[in-house]
Amino acid sequence: MDESDRSNIGMKRANLDLNDEVGNLVMPGDEFSIPKDSSKVILGPGLRSVIDKRSNELKTIIACKAGLLRKAKPNTFFLEMKTRSYHSFKKDDVLGIIKQKSKGEHYSIDVACRELRAQLSKNAFEGATKRYRPDLQVGDCIYGKVMDFPKDYPLELTCVQPSGKACGLGSLNGGHIFHVPVHFVRALRTASPKDNLLQKIGRIVPCETAVGANGLVWVKASNAVLTILVAQLLQTLSKANPDEYGTYLNKFNSTVRTVV
Amino acid sequence: MAYRTHLDDLWEQQIRPDGRTPHELRNITCQMGIFHPQASGSASFNIGNTKVMAAVYGPHEVRSSQKKHHNPDKMIINCEYSSATFSSNERKSSTKADRKSMEISSNLRSVMEHIIIPDIFPGSQIDVYVELLQDDGGSYSACINAATLALVDAGIPIRDYAVAITATMSHSVCMVDINAQERGQCAELTIGVLAQSNEIIVLELANLLQNFYLKDVLDEGIKGCAAIYKILEEAVRQKFNKMEQSLV
Amino acid sequence: MSNDSDSQMEVGQSDEFERLKGQTKSESLFPKPPLVNPKTNKRQDGRSPKDVRPIYVQTGVRDGAKGSAYVEMGTTKVLCIVSGPKDLPKKMDLSSTGIISVDVQLVGGKMSEKDVILIKECMEAVVILEKFPKCLLEIFLTIMEDGGSSIAASICAAGLALVDSGVPIYDTPVGSTLLYDGKDFYLDPSKSELDSVDLTDSEKNDSGGGIVTMGYLPTREQICLFTMEGKMDAEVLASAMDSLTNVNLKVFAVIRHHSMELMKEFKETKSKVNK
Amino acid sequence: MAEVLLSEEEKYYLVLGVAQDIRVDGRSRLDYRSGDVEVNTVTNSHGSVRIRLAETDVIVAAKVDLGVPKTETPNQGIIKFLVDCSPTASPDFEGRGGDQLAETICRILSSTYAKSSSINLKSLCIVPKEFCYIVDVDILVLQCGGNLLDVIAMGVKACLGTCEIPRASGTRYDLGKPVPVFSKDEFQFDYLDVSKAPVIVTLPRVGRYFVVDATLEEESCSKGKLAIGVAPDGSITSVDKLGKACYQVRSIAASVQMAAKVGVDVNKVLSDRINKLKLSKLHSAKPWPPKPEEGMDVE
Amino acid sequence: MQKDSQSTQSTAEEEEYEIDPEEGVPVPKRLLYADDKLKFKPKILTGTPCMPGQRICLANEYFEAGEGAYEFGESIYASALGFLQTEEFPEQELTVVSVKRGDGKPPFTAPYVGAVVTCIVLSRTQKLCRCLITHVGSVKLDDVVKGIIRREYIHEKHRDLSEVETSFGVGDTVLARIVGISDGDFIMSTGEDSLGVATAISSAGYYMVPVGWTRMECPKTKETLPRKVAKIVQDKNVEYWHRRNMIKKESDAKPEKA
Amino acid sequence: MKPKTIANCTRSLVKGGAKNGIRLGARGIHEFRTAKISFGNSVGSCEAVLLPGTRVFAQASAAIGEPSDSRPGEGAFTISVWVSPAATGEMVGSSEKPSAIARTLERMFKENRAVDLESLCIKFGELAWILRVDVHVIEMNGCLQDTAALAVLGALLTFQRPQAEIDVNTDELVVLPLAECTPVELHLFHLPAVMSFALCDEILLAEPCQEEEDILPGKLLVGINDSKELCHLHLTHPIEQELLLEATKLAQAQCLDRLNMLKGLVEEVKTQREVPIYKRPQGPRATGTVLSLSALETSSRNRSEKKPSIKYLSPLITASDINMLEELCIL
């Protein structure tokens, strides 16, 4: 059967228009036609362009994941999806645990993602040189930034900003590190200042937190009990749905009062 | 039925079916260096009709089979327990890698890991092989004792002796060193302790034992372990006296 | 052992017991045909004890395989296929020389592990393993019909297949079997003959008896496989080996003739290529 | 399998010594090392022997069981062999490492005993087609110091020779079927007749000479060996070429002669050892615990 | 060749020791025969058919065993079925004796140290890249064999500068020379100029063309990728690969038309 | 998925916490986990959850087969454990974890004879019920043995099998369809349960979670049954005698009320079942207990005859019946 009646039956949706579909649910395999007018379209995660082999120009745009189609201002399209597993992008802040320190120039890092191998150069610290550089042990937590991930290589982390300063990046000591679903992490990080969970928690229990895009969260409060309590709270919240957050927070508040 | 009652009045005089008193061990013979030139350490431990041989190889470099999952600054201790096909009364065809022997192997390894001082040979491997020749009760405890002796014979630095014995409570009498006959009728608790600090390191229970009795049985067992420890120490003494004489 | 009284009682019971034992004789159960017909001094299949069954060899029977050969010794039919060099399996990675794996399929049966090992070791002695380091050479033997002395046939087939495949070998191996019934030798025995002699019953063959199989490298005059079962004196065994050697040379003559034929074909193909 | 690694020079030294008929431990080519046999090592079997030859240390235990004879040999008993290489012998035997070696030895033993008139299997039959003894011979290799095969063969012969086979004192007819009756007294037993049983003489070829009772080092110098079974009357019961080596006809013939000569002596020594052991067993006290009664274990 | 002769001896019955008739002390054969090699050169008529194991001639300093032949003791034997052929090297006054079968069937070949092989890159890490060897010289193997190219063996000159990442890509076809055998698999080197990446496929799926020593370019999307490019000397392999590529392209092109 | 490597900070947190009586799950040191047990629709299926996040499913089933030669008068009982890859990050098909669990369960249920196997014998030496329990670990967060034991116990308690017996005059196996008989339950001699503790020098942590199990050096398993008898003990770290005794006390208390909860639930399930349950009289059966020579004769005689064939009693038998029957036998 040819393209048209396949689309009629609904087996496949082709020649959609990007701008129309914004906000709708998009299924993997859906084909979008190239917008004629705009010269330039930026495709975010979940969308990819297909190049015709013979005449090598853009044929179509295909959704390779399921999610809501979102549009950012200058012609940027991406799919918003609720995933539990982490897919790395450049300049992501991730939390990792040092898996092993090899003889060479790299630590290999466990970023709590089965199919991703990560590594961190021993020199990628603030003011590190060949002679003076932090000596990390196996099991230490590091808060790093994804420098780049080459095709069939472990992704490369770094603990310095391009400015050469480590703004909060580096190894974290003390506290507690635990794992929550990735979409919850995204919620935490992209929340607007006023309904930011971490700040609310912080008002109850003053604590340091580091949230990695890969679903690892690191918490450190003034003492062990509070640390554990905060960790518990976050883990429960990650399972709860947003409108219950308030009640949980109140409960948490009362328990903290009893402890302190 | 006459048989039974006969046994019972034996019980009243606190005599066990094989004529021992409740606190009496079967006769024990142990020997070190039985596989002398080949194994780096070896020992045999016979208690009654239960015969066990142990051999220790190493420390040598880590064999490729275990290489992948171990970090280079730790020492691998590799234990394998195997029981001969003729060890038990009814013959069993090959017993390689069945659940029971795998379990015993892993238990043995955890014990060995606790008595061997780990950080002396980093990145090396020690093999402890235990072979059960004949099982007449208390085989697991005999294995532990034999392995300990073999380690001493190999000159591997150990924190402490691990000695083990079986004990039980039957007819409201605490008994030590159960043999195969008695095992049928009562529980068998294998107790292993570190000889110096009387810490319990091995606990294995066969059949049912009233929780209420546990304390008494433990006490009994620990007493028994002390006795075993004396015997092992004696064996080691003799060996090293011999050595001195040969040196002089 | 025990005192007289109950020992006599023993006897009383046991001779009745003996009678019971005597009820069945294995001979009466399974009558065995004689090896040679006493009148015409011929064997069951009509040849004299020293004769060898007709041999048929063919190479290159399977296209696509590196080397292949088909051998018939009387009713024994063996097909051999050589393939390789392959990559070593993970577990046996630690070898600087090549490795040979032999797989024997016996149609409607199973070859005993021991014989397979024998053939394997024979092949290891024949092939120049240094020529293909860290590689695996596979030899698949299929015994389509086992008419006796199948090991010998397998060796001939394997040797021919190796020759056909061009694998470097020290020499062309040939094999043959001999049956000794305590009086004289029967060369290249058939299956029925092998079955007919019962090596186990001690009453009959105090004079001995046995089966000898020998693999031979003719031009190097060496023995690459040797196995013997039964009961023989050393001298008898020696003479048996001599007669086996002669048989092997006969077999080798066949193989040599065949390979010379092959050569002719090569010449023709070459001339074709030139034209 | 258990091997030692030698440098070329060491091998050269060994070979040179063998050529001059002086081996590393001072023996000549045809000398055996010293060993001893100990009986009743495992008391819960019908016959058990622990045989040591220098470093090689093997336990052989036989258990007799009641069974049904094979259909093709209705008036013969069954002897089964099972070799088990304990890891105490060498770390290579760990897990399933020793199975290859065990398999080979097992095959050779069974072919030596089954395919020759070495043991009268008829004596193991109680009621033809109905009941016979099944003798399970289990061999446990505790330590391997070279020349394993010979030691095992000796052990097996000694074990079978001293194995107590319960005496069937008669038969009782149940439901028209003869069922063997066993005497309750466990000192009524028979011994197998091993006067014809062979021993195996393994001849590795070191340099240009065959040596008897090779040590591990010598075995590692040789590519292959001949395992030759020799009956007490000097006749050959089995020959097997092991390892990847070629021999010339004359050398095999010579080695067979040699093996026959050696084997006769070994047999002599072994058999009067066995007789001694039997006597000592008779005088020895009643074994404890009593063996299971064979009458019951019909399955 | 010396080594070879020994190893061949050692598998056979005669060990590498010879008994000196006087005092019966074994002396290594290599010492014994090092000096007094027989000095005359017999005439070898080429084209005579040989069976494996057939003795050809003496092995002394004038004669060496080539393909299809092996040396044992002091003579050369045939190791394969075929016709006798000789190859003269006047300068070392050496004659290499080899046995080749006339018909088209290729001789038995397996990867050996020193051979130039064609392989396909499977995976790569910083230290090494794993390959599958498909051809030895110009002979196709029945079954692929594992091999690795270490980072140090990529370039002859500056070993520490060379990076796997900038030299090979997964799926490339690489010409390499086997330099050694590790416990796992063959170790290969692309040190020489003629060795390196023969063909590579761009991300768009086209066969890239080399531009210079270190870069290859996709003909369509003009992206260039770093590679250790092989300077192709006219060689059967490469012809083979070109042929193969042409065929492959056509076969790729077909289904899209359909 | 969780990271495989344990962070040092977590390590120190757990160890330090254990000393001052603080735990990751914000539990007390001697506070056991809350167990949830639910039963499936099919007979003898039970799922036990030990919050937080350990979930084990057990399914009991029985089929008619031959008893083992060593124990001709008893039915057979096998336990097999599967750890699903979903539970752990990676595939642990043949790791020691499943076999360890299986060993523990075997020791408690099989070697200590929790199940009355003699009642499973149909015909001495020839026919018996082969009882098997498949244990699937679906989620794991420590305390696998505890949960598995609970699940198996639940499965065994709620299991039913149809009646099967040998017709006396025509020597045939008769399997009554469920319509005509009340299904028979298993008869358990005692109800065992396991409590696990993590040992950190001088301190017991009751029922640790995964991280605690990995971090803390020692582990102690205490198996106790409803009549306060120890049925399993396992130890992997040196421990003082007093501590051990304390542990057994705690375990005993906890195990008793856990068993009570389980019994209550089982009762509910049974009342829900519409099929009335036929209660076996207590005490072991007479069949197949004595090994007498007469028994030998009969067995030897019957061996020669052909195997008994399955015959259904109900005169008009429908396909559905057969299906149901097979369900119950092969289930």
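Which chain is which? They are A, B, C, D, E and F, in the order written, and residues in each are numbered from 1.
In the analysis below, a contact is a pair of C-beta atoms (placed from the backbone, for glycine too) under 8 Å apart; a residue touches a chain by one contact, two chains touch by 3 or more.
These figures come from a predicted structure and were not determined experimentally.
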Two candidates, A-F and C-D; the one with more touching C-beta pairs is C-D
Farthest chain from chain C by C-alpha centroid distance is chain A
Dist(centroid_CA(chain A), centroid_CA(chain B)) in Å evaluates to 54
When centres are defined as mean Cα positions, the distance from chain D to chain F in whole Å is 46
Averaging C-alpha coordinates per chain, one finds the centres of chain A and chain D separated by a number of Å equal to 70
Rounded to the nearest Å, the gap separating the Cα centres of chain B and chain D is 31
Where chain D touches two or more other chains simultaneously, the residues are 244-248
Residues of chain C that touch at least two other chains are 125, 170, 217, 220, 222
Multi-chain contacts in chain A, i.e. residues touching at least two other chains, fall at 138
Chain E partner, complex, touching residues on chain C are 66, 83-87, 93-94, 96, 98, 125, 128-135, 162-172, 217-220, 222, 256, 259-260, 262-263, 265-267, 269-270, 273
The residues of chain F that touch chain A in their complex are 1-13, 16-17, 20, 22-26, 89-90
As the complex stands, chain D meets chain C at residues 73-76, 103-104, 107-108, 111, 114-118, 120-122, 125, 127-129, 167-171, 178, 185, 187-188, 196, 224, 226, 231, 234-249, 252-253, 256-257, 260, 282
The answer for chain D against chain B in the complex is residues 41-45, 48, 55, 57, 59, 61, 63, 65, 82, 84, 86-91, 94-96, 136, 138, 140, 142-145, 288-289, 292, 297
Chain D partner, complex, touching residues on chain C are 1-2, 10, 13-14, 16-17, 20-21, 23-26, 29, 112-114, 117-118, 121, 124-125, 170, 199-202, 205-206, 208, 210, 212, 217, 220-234, 237-238, 241-242, 245
